[in-house]
Structure formats: structure tokens, C-alpha cells
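Input: a single structure, listed below in C-alpha cells.
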Amino acid sequence: MISQACLHDALSYGKCFTGLGQPADYIPELARVNKHQLGVCIVNLDQEILKEGDYDRPFTIQSISKLVSLILALHDRGGEYLFQDKVGVEPTGDPFNSIIKLETKTRPFNPFINAGAITVASCIDGKDTEERFERFLTYIRHLCNNDEICLNENVYLSEKSTGDRNRALAYYLKASGILEGDVEECLDFYFRMCSVDVTALDIANLSAVLANHGTNPFTGENLIEPSCAKALRALMLTCGMYDGSGRFAMKVGFPAKSGVGGGIAAVVVDRMGIGVYGPALDEKGNSIGGIKILEYLADKLDCSLF
Amino acid sequence: MISQACLHDALSYGKCFTGLGQPADYIPELARVNKHQLGVCIVNLDQEILKEGDYDRPFTIQSISKLVSLILALHDRGGEYLFQDKVGVEPTGDPFNSIIKLETKTRPFNPFINAGAITVASCIDGKDTEERFERFLTYIRHLCNNDEICLNENVYLSEKSTGDRNRALAYYLKASGILEGDVEECLDFYFRMCSVDVTALDIANLSAVLANHGTNPFTGENLIEPSCAKALRALMLTCGMYDGSGRFAMKVGFPAKSGVGGGIAAVVVDRMGIGVYGPALDEKGNSIGGIKILEYLADKLDCSLF
Amino acid sequence: MISQACLHDALSYGKCFTGLGQPADYIPELARVNKHQLGVCIVNLDQEILKEGDYDRPFTIQSISKLVSLILALHDRGGEYLFQDKVGVEPTGDPFNSIIKLETKTRPFNPFINAGAITVASCIDGKDTEERFERFLTYIRHLCNNDEICLNENVYLSEKSTGDRNRALAYYLKASGILEGDVEECLDFYFRMCSVDVTALDIANLSAVLANHGTNPFTGENLIEPSCAKALRALMLTCGMYDGSGRFAMKVGFPAKSGVGGGIAAVVVDRMGIGVYGPALDEKGNSIGGIKILEYLADKLDCSLF
Amino acid sequence: MISQACLHDALSYGKCFTGLGQPADYIPELARVNKHQLGVCIVNLDQEILKEGDYDRPFTIQSISKLVSLILALHDRGGEYLFQDKVGVEPTGDPFNSIIKLETKTRPFNPFINAGAITVASCIDGKDTEERFERFLTYIRHLCNNDEICLNENVYLSEKSTGDRNRALAYYLKASGILEGDVEECLDFYFRMCSVDVTALDIANLSAVLANHGTNPFTGENLIEPSCAKALRALMLTCGMYDGSGRFAMKVGFPAKSGVGGGIAAVVVDRMGIGVYGPALDEKGNSIGGIKILEYLADKLDCSLF
């Protein structure tokens, strides 16, 4: 079991590296954050919660939301259809916003690159964006044990107004017959789901559900099909840290999903969920301090899968 | 000088090949055309006009409009700026609607692939789409000696509703800082300019202006800067027939620009403009009968540049 | 603990799928094998060995040898240097013999694609090919508990005479300053190491060493640095099954490395090494029956990491 | 008709730009040349010869030899076969030594990129490299009116020892079934043909034959089939200046072929052949001073095709 002191040391270790990264700068809301912020939270499956640093500072969930939307789409369409016709499950060596492989392969490589996540977003049931986003919000509040989770309106508007690269991906996918429904509605949902404010504590709760085979460790409620939770953990390990997933598997060794808001959701199966937040990113787009905290913990807790 | 009999033979020769191609099928308006239609018109610089076959059947100008929009943009921005900052002048081995090279090179390779033509369209002055399209229409009517030229509303609406691949290109260019102004407005103009109805006679007139260094051979009015007309002829030769330009240079050997509506504008400098129309396309997207007519004429008239 | 009956059922299950694949056909020695062959062997860390089917039929190790050469190169050069300057640790969505990414990224993505494995082979110490191959042979005999392991001369000669794609990769890497030493000598070593004959039993022994943190479970001899064994397990999980690694992680969920000879080495850490052999390959180049056996075992033994 | 004074001015103009380029630096023999050298020679079809600057300084022919080898291969195999099965005639936006498109298209795009030229070299008849090179040498001496033309042994040996990128291309082509015969023999011929020493005068003579439809203007001997000479002129225009061919067509406007040795062969059909030499290259690999001389002459002599 991890001690508060150990978590404190992990945070201190992570702090040494925040100066080496930079916050995402494509919208002002992300760019102007203090890059030395760093927080971590662990939710053990025995319900103990440990927190350090900026664990309760809100940040936008960004790509970590791809976990939640994928669960919804798997629920609505089933893995058979989704992973066969819509999106692959293979890592790709290309950056998260790359469009190149779509011209030769059509189907996005996996649900965590932007092209894949936009496709997945188009497969979530709902009569309109409003209804889809309500489903998303209700669901993520359950996963995170936090009924206060809501949209960061400013980030959403900025994302929407600057999201031309994602728009290009979406229209390309539409032209290829991959993306379903209306493109702008799909993108609107996508920008919203990426712009939800969460904390490291929220993310740790979500991760704990994945670590607990889909069951909320506090309420005992089953929120994710166990087989779906397992599939997600596998995908997180091979594709969760963008084109830095291989190195992360070697250095840390458990499933994780990062977002350019600075968050990382990490799962130690049968033991704990971990949420970290540190907005300084490395060149792959992953939280630089967050990765260092996870390296430290993986080593101290001996919880690499390898 | 070409005789009517020779032109008749050229058409007959071209007719042998229309069965080997297919009309463009991405919108119903293009798909349902009779693929055996074939027409040709020659406008000699001495004002003689020869016509054969379906020379007066209207078809949508499609990519041949890229000549006209490029002249307007060169007028508005100058070649220095346009060919330096916005679009290259190099042929590319990729298909006309390819997006791959945009990820590695940013700037479209030339003004005749879709990405380049959309960029060029965004560089035409005008307070809104309406005004830009009015300028285009006025100008093309002068170039073609035909005040009746106007928009094919059905094709325009179909293009607009199915143009997601072009939308993807446009948003990608916007995200890269290449495309100017509003994306949807630019695309609206682009779809309109491609959807203008013309005939082989119209296209022959336009080509005659290019053959005559920018001066209308009938009115003597200078419509294109001579240096601009020369640049266009060079670009047409290296890039005008999509990724079939090399073979066309070898087999025919004079500047030409094709469109998926089935038209080809061909220029024999100091001698004549040629317009052909044949909606059956080869696998590169060029009129299959039209190319054969031009091969025949190049041979009989000895007017290859090579 | 697994029973003989369970292993028997696993083999029977795998047999249902051998008809769907094809043996590798680029050299006659591989092409003419009976594609319905299938064998499996498990070496438990408590020294129990279970075998079924064609467990003792020799086949060429092919890409599974990349595990062994990587250990040698890591020993000779250290991971710091090797994974920094020579080869990455990231999965790539491209096929194992792809050359495309070398033009944009220079360094091969990981040590298990051919470009990476050839680079790694060039980093193994030895005054000549003979000495390097002797080291390889001595070492693999220890890892597999089998002093009889030796070169399949016919396969080696065929590989060498048809290996032009690998030659292209090697010369490209040489031109980029990645590959060290003489290209043909490096390739000669590479073709030899791929052409060593092994059995499913041999592969299970090798896997057991990896499962046992580098220590031979029978002799107690440490053969691989524990940290190196861990790095290999992580790499196997993310990159071991070519561009089918993501699906394998999701369906099976433990580290594995396949070869086009039909073998797969699979590692259940702290529990067992598994060797399978089935020459019918799927379109990714992985043993189709072998994967099915591993799916069956992962399910029955509940040994997915996820 | 051009005057000596005009040619002198052209050279002076070109001299202003030599400082902006760099000699090729991949072998010491090319790197250590004085980059301010510049020469030009014009062979008029009426047999007048004009020379300026370093017109008689030897340099290695490099890629200009691709003209000669292509004529030989067209003679030996015919255009039908060569341009159908072996190599395309389309320009490509990629650099001359690119390997990327070979993975998706197999057949090289045109005979002037390295992959295409190596393929063409493999289609020249001869019982061995010696005999093939003898044929090449005999033929180029005729084309250049110079029996002294011979191999630069030092450059050849350097090319051979550093030609790994070309080796990679050749083995890739062999593996794809495109390249015929033995790879190393083909490369040996290729390195030799590129390492022949010529002068601007030699190149002007060769160009004059192409300008004169294949007939040596001095001897009246037909050296190239007229249709073959025409095909070459077209190819030179669309592909002769690497991925700078489009700009060259626009700025200069007649067929030309450059080499990294600093030479350019340029053809004004029915009028003259031009040879220039200036080892300072631009970023595309074309002689920077040479291009400026040709721009000057195209303008003064009004000999653009456009």
C-alpha cells in the first residue's frame, strides 16, 4: 500500500521536470496556465483516497474524454461493429492529429488518435448534440463520483473556433463513408466532450472504476461491462500516450490515457486508479511532470505489468 | 491550317474510345450523362471557327475554371506573393484530391490540384461570395465571348452537398494558415465556379485568348497580362492534366487543362485555341475521347511543342 | 495450473483455424510446409513441461530471433545508447518490412520491424559474422536449454538469395548513418540468425526465461538482466505481433513475439513460458492457429495482463 | 541569332548568383570544386558554336547521363515496353532520391528520378557491365562529337563507395520485380555512367542533336530516332529539373536536364543546343548560376515554348 509520504516524494520528483515542458498553446485558455502546477490523486480500491499538490485544480479533460465516449459507443454499437467497420485497435507511429494514413487506409488506426475519436463520437446515440452531450455528462459524473462536472464554456468556444484540423479530419472521414451523421454536429459534441472540467481526483475515480473491472469501488455499482473495461485497459497500454505509448509501457508499464490539458488517467488493475495533472507537456503532448510521477510510483509500488 | 474534314476525322477517331471511359459519378448530374457525347471546336487566331459534334452541348466547366480563378488571384495578389506564400508551381505525382502532401509540405504543390485551387480561390478579392462570383462570371463571359454563361444551379447544389473531401482540404489549409478568410465562403465560391455551364465553343474561345498572349482575337481587347498567359501555359503543360500530365506532354505536347465535366481547354500558342468535350473519363479523370482528338490534331497539325 | 486436457483442447481449438491461413511463400523452404501442423508447449516456472501436437517439429525461428539479438545488443551497447541513437521503442502501424517511415524519421520505430532488427544486428560485437553468429548460437542454446540448436543451411541460403527487400532497408539505414559496420556482413548475420531451427519446446524455454525475470527456471542461471527482460516484455506487448499487436493485446493480453516461420514466443510473467508453432499465417504474418491457441489459454488461465 | 556579347552578358548575370549555392558534398571530388566556376556553350544548328567562361572545364555528367541511357534502353526495349512495365513518364513532387512512392506505386514515376534511372540502366543490353559501359561511352562520344570522353575514375570509385542510398533503391526495385538482372552489376554501370567527364561544350553538342530531331548537325548522321528525341524533350520539360521542373518551365520554358555535377543540357528545338556548367547548386540540386544563364537567354532569345 502506498503511503502519503511516498506520494509526496513522487510529487516532488515530478516537480523537477515541469520546467522542461510547455502547456498546449493552440488556444489561449490552455496557454496561459501556470506550467508548474502539478497534482496527483490515488483512489485505492479499498476506498482510501490519497492526494497531493494541485489535485483539486480544474483542467479540461481533453483526450481523456475519449475513454468515456468510447465506452458509450461500445455500449450503443457493440465492439464487433465498432472495431470492425469504424476504427481499428492498432497503435500508429504518427502524431495524434495526423491525416496521412486516412488516405491509404481509410479507417482510423485506433479510437485515441483524433480521427478515431471523432469517428467514435459519431457513433454515440442521441437525437441531437444536446442529448448526446447530456448522456456523456451524466455518465462521466457517475464514473468520477462528481455531480458537479460540467462544461468549460470558454475552452469549448475556443476549441470550436480553432478546431480546423479536426474539422479537416471529420470531413475527410465523412467523405470516406466512415463518419456517421452530420459532421458539424459530431464536431460540436467532440469539442464539448473535450472541454469538460475535471480534477486529478475526478480522473483518479474514473481510473479506479477501470481498475475495478468497471465497478465503482465506493458504490458497488457496475458502470462499465468488465469485458469493455478490459479492452480499454489494453488499448490504453498500446495507444493511450499517443506516439509515446511504447516508451511509457517500458518505463511505467500500466494502462494510461493522457490529454493535452495536462491530465493522465492511469490504471493499476485490481489495486488503484491514479489521476495526475500537470499542464507542462513534452513534445508528444503528454504531461511531463505527470509521467515522472507515474514512473516514480510504478517503481516504488512495483506495479508495472511487465 | 486545319480543314473541316480533318476535324471531322479527329472526332471520328475520338469516338472510337468513348466506350472505354466512364463519366464522373460522384454526383447524379454528372453520372447520368450520355458518355458517347463528343464535340470539338477550334478558334483560329485569324477568327476562323471550326466545330464538330457536340460542340454546343453545355457541360460544367469543373477544373477548367481553375484557369480563370488563377488569373483573377494573380491579378489581385501578384505572382510574387501567390506563388511564394500560397501555392507552388510544381507537378505532383498524387491524385488531384490528395491530402497527403499537405501534412509534410503545408503549401499545395500547384494551383490545379484541388488543394491549390481552393487556396487560390481564397485569394480572390470581393466583399463576399456573391461579389467574388460576379467577378468570376463577368470575367469568364469576356474570355469566352459569351454573355449567356451562367451557373448550373443543380450541379452547384450537388457539388456543395457532397463536397466533403474538398471541405477536408479547405479546413486543413485553414488550420495550416494557408487558406485566407472564411472556409465555407471560400468553398461556396469554389463550388460555384466549378458549376458554371460552358460549351466546347466557349472553351475554345478561352483557349484562343491564352494562345493569343491574353488578347481576345475577335475584339482585340487585352484580357490577360501576356506574362500571366505565358505562366498559365507553362503550368498547364506541367500540371494541367492531373497526374496524367507527363504522358499528355509526350503524346500531345501542348498546354491543356481538363475538368471532370469532360472538357479540355488546349492551347496552340500563336495559332489557335481548342475546346473539346467528352464526358467519358479515363482513370486519371481526363476526357478519354477528348485526349484522343487532341492526339490526332497534334499529329496532323504538327503542333506539339516538342 | 494448466492441465494436459486443457492444453489438448487449446490445440484442438487452434486446429479449426489453420485452414484459413497460408504459410509464408517467399522462399520454397517455407512455402512447401504442411500448413495444418500445429504444436504447443508450456514451460511452467516450477519446471513442469506440457506438450501437445507438433511441439518438437523444427521450424526456422525467423523474427523471434529478434528477441535474442536485441538482448545481445543491449548487453554490448546499453539501452541508453541503443534506444536513443539507433532504434525507437514505439509501435508503428506499418507492415514489418516497410521502408516509408525511414525517409521521414530516419531511425527505425522499434527493434522488431525489419529495419529496426537489422540495425540492432549491426550493434552486436564480434570481429566478424562468424564470431557474432557463434555468440548468438551459444546464447540461444542457453536460453532454450538445447545444445543442438543450429543453422538451417537451406533456409539461410534461400533467405540470403531472396533478401533484396531487407538489403534495401539495410543500405538505406547505412546511407542514413544508422546502420554500423559493413552492410553485407550485417545482413549475412541477420539472415543466419533468422534461419536457426527451433521447436515449440525451445521457444517455450526461451519464453520461460523471460517470464522468470531472466533466470533459467531449471538451472537457476541468470541469462538476462531482469531490467532487460522487463523491457523486452513491454516491447513484445506493444510491438511483438507486427501491426496486429493492438488486437493481440486486446484479445490475448500478454507479451508475445511471432515469426513468419510459424512460431510465437509468449510470456506469462511469474508463471510460464509458452511456445507455439503453426505455419499457416494470417495477413499480418502471425501464426493463425498459434494466436487461437493463445486466445484459448489466456481465457482459460485468466492470464491477460488486462 | 545570339551574339557573343549577349552570351557574355548571360554569363555575367549568372555569376551574380553562384555565391548563393553550394557544390554537391556527398563525395569529396564534388565538394572541393570552386563553386564560382561558370561556363556556357551554344551549338547552333547552323554549326556555329559560341562559348563563354569555363566552357571547357571538365565536370562529371551525373544525371545528364540519364538522357543517354534512356535512349539506349528505348532502343533496346522499345517505348511501349519500357514506359508501360518499367517506369512511368509522370513528374513527381518528391526529391530525386526518394524511396517513398516505391512502396505504394512499385514502378518509378519517371526515368529521371534515381529509382527510374537505375531501372532504365538495368534495361540496357550487354553481356556484362563492361560491354554496357562500352556501348554507353561509344554512344555519348558520338552525341557529343568528342572521342576523348571517358570515365573519371576517382569520382566513379567515390560514387561506388558512398552510393548506399542508390543501392537501397536498386534492391527495393529488385525485390519488387522491376529491376532486371544483377543489382550490383546494374549499379556498377549506373555509377560509371554518372561519372563520365564532360564539358559544357560536350553537353551543348548533345543538346544540339536533341534540338535537331536526333541528327548530328555537323555530320548529318542520325543518332536518335526523331520520335525518341521528341519524347525526351517532353520528359525533360516535365521532369528534367527534379522537383524544380515546374518553376523552370515557367521561368525558362524549354527542355533541360540537370546533374549534380553542375551541368545542364538545354534544348531549343530547331535552333540550338545549350550546355552550361556551374557547380554551385540550389536546394533542388540544380546549378544555380546555370539556371540564371538559361533564364537570361530564354528572355533575350525569346525561346520559351510558352
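By letter and in written order, the chains are A, B, C and D; residue numbering begins at 1 in each of them.
Keep in mind that, in the parts below, contacts are C-beta pairs under 8 Å (C-beta built on N, C-alpha and C of every residue); 3 or more make two chains touch, one makes a residue touch a chain.
These numbers come from a predicted model, not from an experiment.
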Just to confirm, which listed pair, A-C, A-B or B-D, duplicates the contacts seen in C-D for more than half of them? A-B
Can you work out the whole-Å distance between the CA centroids of subunit B and subunit D? 32
Please report how many Å separate the Cα centroid of subunit A from that of subunit B, as a whole number. 47
Could you please state the distance in Å, as a whole number, between where the Cα atoms of subunit B are centred and where those of subunit C are centred? 55
Would you pick out the residues of subunit A that each touch at least 2 other chains? 104
Could you tell me which shape the graph of touching chains takes: line, ring, star, complete or other? ring
Any idea which subunit B residues touch subunit D in the complex? 88-94, 101, 105, 109-110, 230-231, 233-235, 237-239, 243-247, 249-250, 253, 255, 269, 304-306
For subunit D, which residues are in contact with subunit C within the complex? 98-100, 102-103, 164-165, 167-172, 174-175, 183
